[in-house]
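Following this line, the structures themselves.
You will see chain A twice below: alongside chain B first, and alongside chain C after that.
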Partner chain A sequence: MPEMTYRDALNLALKEEMRRDPSIVVWGEDVALYEGSFKVSRGLLAEFGEERVLDTPISENTIIGVAVGAAMGGLRPVAELMTVNFALLAMDQIIDHMTKIRYMFGGQVNLPMVIRAPGGGGSQLAAQHSQSLETYFMHAPGMRVAYPATPADAKGLLKTAIRDNNPVMFLEHELLYNSKGEVPDDPESLVPFGKCDVKRSGTDITIVAYARMTILALQAAEELAKENISCEVVDLRTLAPLDAETFVASVKKTGRAVVVEECWKTCGLGGEIATRIYDGCFDSLRAPVRRVSGLDVPMPYSRKLEKLCIPQVADIVAVVKETMAAKY
Partner chain B sequence: MPEEIIGSCAVKRLNILDPQGNADENLLPPLNGQDIRRLYELLVLSRTFDGRALALQREGRLGTYPSILGQEAAQVGSAFALEKSDWVFPSFREMGMHITLGYPMHLLYQYWAGDERGLATPTGLNILPICVAVGTHIPHAVGAAMAASYRGDRNAVVCYFGDGATSKGDFHEGLNMAGVFRAPVVFICQNNQWAISVPFDRQTAAPSLAQKAWGYGFEGIQVDGNDIFAVYRATRTALEKARNGGGPTFIECHTYRIADHTTADDASRYRPPEEVADWREKDPILRLRRFMTQRHLWDEAYERHVQEEATAAVDEAVHRAESAPKPAATEIFDYTNAELSPRQQRQRKEVG
Partner chain C sequence: MKETSLRAILPDHELVRMYEQMVLCREFEESCAEQYTKGHITGFLHLYSGQEAVAVGSTHALHKDDYILSAYREHAQAIVRGAEPRRVMAELFGKATGICKGKGGSMHLFAPELAFMGGYAIVGGQFPIAVGLAFASKFRKEGRIAACFFGDGAVNQGTFHESLNWARLWELPVLFVCENNAYGIGTSVERSSALADIHKRTCGYDIPSVRVDGMDVMAVHAAVKWGAEWVREQNRPYLIEALTYRFRGHSMADPGKYRSAAEVELWKARDPLPAFAIRLIEEGIVTQAELGAIKQESIAIVQEAVTFAEESPWPEDGSVWEDIYA
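Up next is the complex of A and B:
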């Protein structure tokens, strides 16, 4: 398998899918000539032309709105939001239309569209450009949310998202674009939605994470292994549908769980996951489920303060150790 | 250096048929006697449908309902210019359009009674679900039009909304994008002077809505919205332009909401009765009848016949709507997603 970056894996997924299906179009701000603010659409304009790769005016709500209309009209649009932060401008179209039209139309139309949105914190972009809004999208019925951690998953999940007949919110972590990994080059190698991936097996404790938090969890597991704590790291991969079965099975085995979420703690997705664990295997638990979360403040600009607000490897290590030490 | 004028916007208004029923012969669209009678029958049918809806609501047989009284020409006239294959993105006050395009009236009653199966458009018609959120469907229409031009379809797209919707971001962003990409879309605004209790001059400081199109780089026109010939002619011209790659058009139908905003409203609390009386004089059906009388297309016997037919059709539609079998409660899950999540599957079982 060739090794490539998360960015290139996404780019390859777009190219392969666009070659396969002429109804796929890519619309967004600076996606064509500029090739995307994170260069994920590199080479698309050159290969597929202006007909399919379109720079739009700065109108987030309407970029999503026209994608909804075009999906009803028989295309499979991939709309790029420059960053997930600007999804807030488009929440009406995302929540009230994209996820509801199939329902309100009695199933007469599908909305095979994808919103690609880079996001997450850690680049010193301050309060309005560093958000982790994943929980907002998971809350809406009818939405699918993918958030890959590795280049292989990035490629396989994006291809699945594009082929899916449901609207998909496809989140990408800005700090992962340069990360490298092996990626299958078979254009038919897809990663299914609603299936967690056990990225490391272990016996003492389960760490449930997603996207960049999975990478941090794996680093924490490595450190903890030196202290003879064996962590199982479960990567959610898709936040909706949520594969509770896999992480519940893992916790049944280990008896302990820590959830790592980059988003704000209050009403964050970690609460949902903890509940699923309590519902699914309360009797197997040997300690309460703990959460390592973003702090409940707008993201500070200062590098040091920003670090304080986003879960770090050391935070995960500390909470895992506390959970291991807990006696009930 | 002196200032120079780099652009100026002329706002056109089209009026063909005056309230007395006199028409400008040069502007009359090419409609024969049969077409004109058909238009009249559709106007009467729309008004009959609407009056019955209000009565059913008072009896508790329909939910909250927005009357189209006084706006029938704007709806029937524009829809009459459409082809069945065209795509229509309606708001919530265009039942005259539905009826003109042959959307079954019993489905409309079903919908307004709270049965969402009423939005299941029969095959062969491309009428999208009624959009109650003000103006949010404008981007959808633009996107569908962009898709049509990418696919090389000959279909045009029509989007209906009210004067209130023109204050929405969706309107400005949507029309801007339609202009940029020359999307084959016709925007039809029913400027009925009111958005619930808010009058036209609180939506905009501009003297017309039509002129807004100029700012987005395409043509806008105001038509007398109670003049069915003007509405028809403007829509036809705009559709031809859209089909021939000429891009979007904005049509402002200058009309009036004679009724309350909905059955949950009492408009007498916020607007003078003289204003309503004034507009009743400009009634769209009355003026077409006067025109037809001049041309010997109308007499009492014909009127009786048209009224009887309309009443019978509405009776039948009400009967069909009310005898539709009840849906199963579990159907609320059926269309949330192409596949249900395990949790949704469990919830569905609990409901059933």
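Up next is the complex of A and C:
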């Protein structure tokens, strides 16, 4: 398998799918001529032309709404939001329209569309450009939410997202774009939605994570292995549908769980995962489920302060050790 | 100036059909009010009485496969486009036989087979969706335009301005039709818009526009006919502002204290139904007796719709989980 970056894997997924299906169109702010703020759409305009790859005005709500209409009209739009932070300007079209239309119209129409949105913190971009809004989307019934951790998953999940007949919020972590990994070159190699990936097997404790937090969890597991703590790292891959079956099975085996989430702790993903674990295998637990979360503060600019707000490998290591040491 | 003869514009049967539909819509809405009072229709209910000339005049000027989108006062738009009154009524009753299986209700009618692409209840929500449908039509070379209906209140939403800009920028076939009924709930156009001449708002986007008497079905028809063909040929947006009036409140919950009885009476004197009936009679297209028969027929259709809705089953509990995902 060829090695490539998360960015190039996404780019390849777009190209392969656009070659396969002429009804796929791509638009967003600076995606065509400028080739994307993060260069994920590099080369698309050159290969597919201005009929299928279009720059838009800075009108986020309408970027999504036009995609909703185009999907209704028989196309498969892939709309890029320059960053997930700007999704807040588009929440009316995302939540009130995109996720509701199929249901409130009695299932008479499908919306096969994807919203790509880079996000996450860690680049000293301060409060308005560093948010992790994943729970905002998984909270609303009617859409899928994917958030890959590796280049292989990035490619396989984006291809699945594009082929899905439901709206998909496809989140990408800005700090992962340059990360490298092996990626299947078979254009029919897809990663299914609703299937966690056990990225590392272990026996003592389960770490449930997603996106960049998965990478940090794997690094923490490596350190903990040196102290004879065997961690199983479960990568959610899609937040909706949420594959509780896989992480509950893992916790049944290990008896302990830590959830790592980049989002704010309050009403975060970790609370949901913990509850699913309690619902699914309370009797197997040998310690309470713990969360390693983003701090409940607006993201500060200073890199010294910012670091405090985002889970770090050392934080995961510490909470895993505390969980292992807990006596009940 | 002598008015153009109706017969020079449309054949008799279509003129009669237009009148029949205006009467049907009026009877349907008045029946809805009654069913709401009886508690058979619940939730929000926004009635169209007074505005019939807009839906009927427009729909007859569009191609059958042109997309129509509207807001939440859209029963008439759906019915004129061809939705069965009984299935619309059943939807309002929340029954399984409703046009959206009872999941949408009054504000969310939808009939894709008729290119009726929905009633939307967030003010201004339908603008970008109409632009997207127009994009799909142009991309697929279908030759259909998107006719996007909205109220005067919607022009102060960001989506209005974003969508006008976008439709012009991408050269998309969208016909924007503002049904200016003078009030956004209880706030008049003058009290909400810096420029009350809504059609002039398109200047900033290089989109031509026209204002038309929305109480005159043939004036609406003429404007939409011209506008729709221009949009189709030019692949560019156009806007029509139809001045109209709702005889009832914003919704059934509206006591209407923001407007005077005299004002309402003034507009009721311009009721589009009798105005059109008089022209049809004057030109010998229908007789007084035929008008009476049309009304009786409409009442019968609506009564049958109510009976159908009453007798229809409620949705199965299990259906609550259906239709979320494809």
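Simple rule for what comes next: the second predicted complex is superposed on the first by the 328 of 328 C-alpha atoms of A that agree within 3 Å, B and C clash if a C-alpha of one lies under 4 Å from a C-alpha of the other, contacts with A are read in each partner's own complex, and residues count from 1 in each chain.
The rule is short, and it goes like this: a residue touches a chain if its C-beta (ideal position, glycine included) is under 8 Å from a C-beta of that chain, and two chains touch if they have at least 3 such contacts.
From a predicted model like this one, the values you see are computed outputs, not experimental measurements.
J.: Quick one: on chain A, after the overlay, do chain B and chain C clash, or do they fit? Just give me the call.
T.: Because the two structures are overlaid on the shared chain, the partners are seen to clash.
J.: Between chain B (first) and chain C (second), which does A:Leu242 come into contact with in this model arrangement: first, second, both, or neither?
T.: A:Leu242: touches chain B, not chain C.
J.: Is A:Ser130 touching anything from chain B or chain C once the two structures are fitted on A? First, second, both or neither.
T.: It touches nothing on chain B or chain C.
J.: With the two complexes superposed on chain A, say which partner A:Asp96 touches: chain B (first), chain C (second), both, or neither.
T.: Both partners, chain B and chain C.
J.: According to the stated criteria, A:Gly107 is in contact with first (chain B), second (chain C), both, or neither; which is it?
T.: A:Gly107 sits against chain B and chain C alike.
J.: Where does A:Thr160 make contact in the superposed view: on chain B (first), on chain C (second), on both, or on neither?
T.: In the superposition, A:Thr160 touches no partner, neither chain B nor chain C.
J.: Which chain A residues come up in both lists, the one for chain B and the one for chain C?
T.: 25, 51, 54, 56-57, 59, 61-62, 64-75, 77, 92-93, 96-97, 101-108, 110, 141-142, 164-166
J.: Flag every residue of chain B that touches chain A in the complex, lowest number first.
T.: 87, 89, 116-117, 119-121, 128-129, 133, 136-148, 150-151, 169-170, 173-174, 176-177, 180-181, 334-339, 341-344
J.: Within their complex, state which residues of chain A touch chain B.
T.: Those residues of chain A that touch chain B are 25, 51-52, 54, 56-57, 59, 61-62, 64-75, 77, 92-93, 96-97, 101-108, 110, 141-142, 144, 164-166, 194, 240-242, 244-245.
J.: How about chain A: which of its residues touch chain C in the complex?
T.: 25, 51, 54, 56-57, 59, 61-62, 64-75, 77, 92-93, 96-97, 101-110, 112, 141-142, 164-166
J.: What does chain C use to touch chain A in their complex?
T.: On the chain C side, the touching residues are 67, 98-104, 108, 110-112, 117-118, 120, 122, 125, 127-137, 139-140, 146, 158-159, 162-163, 165-166, 169-170, 322-326.
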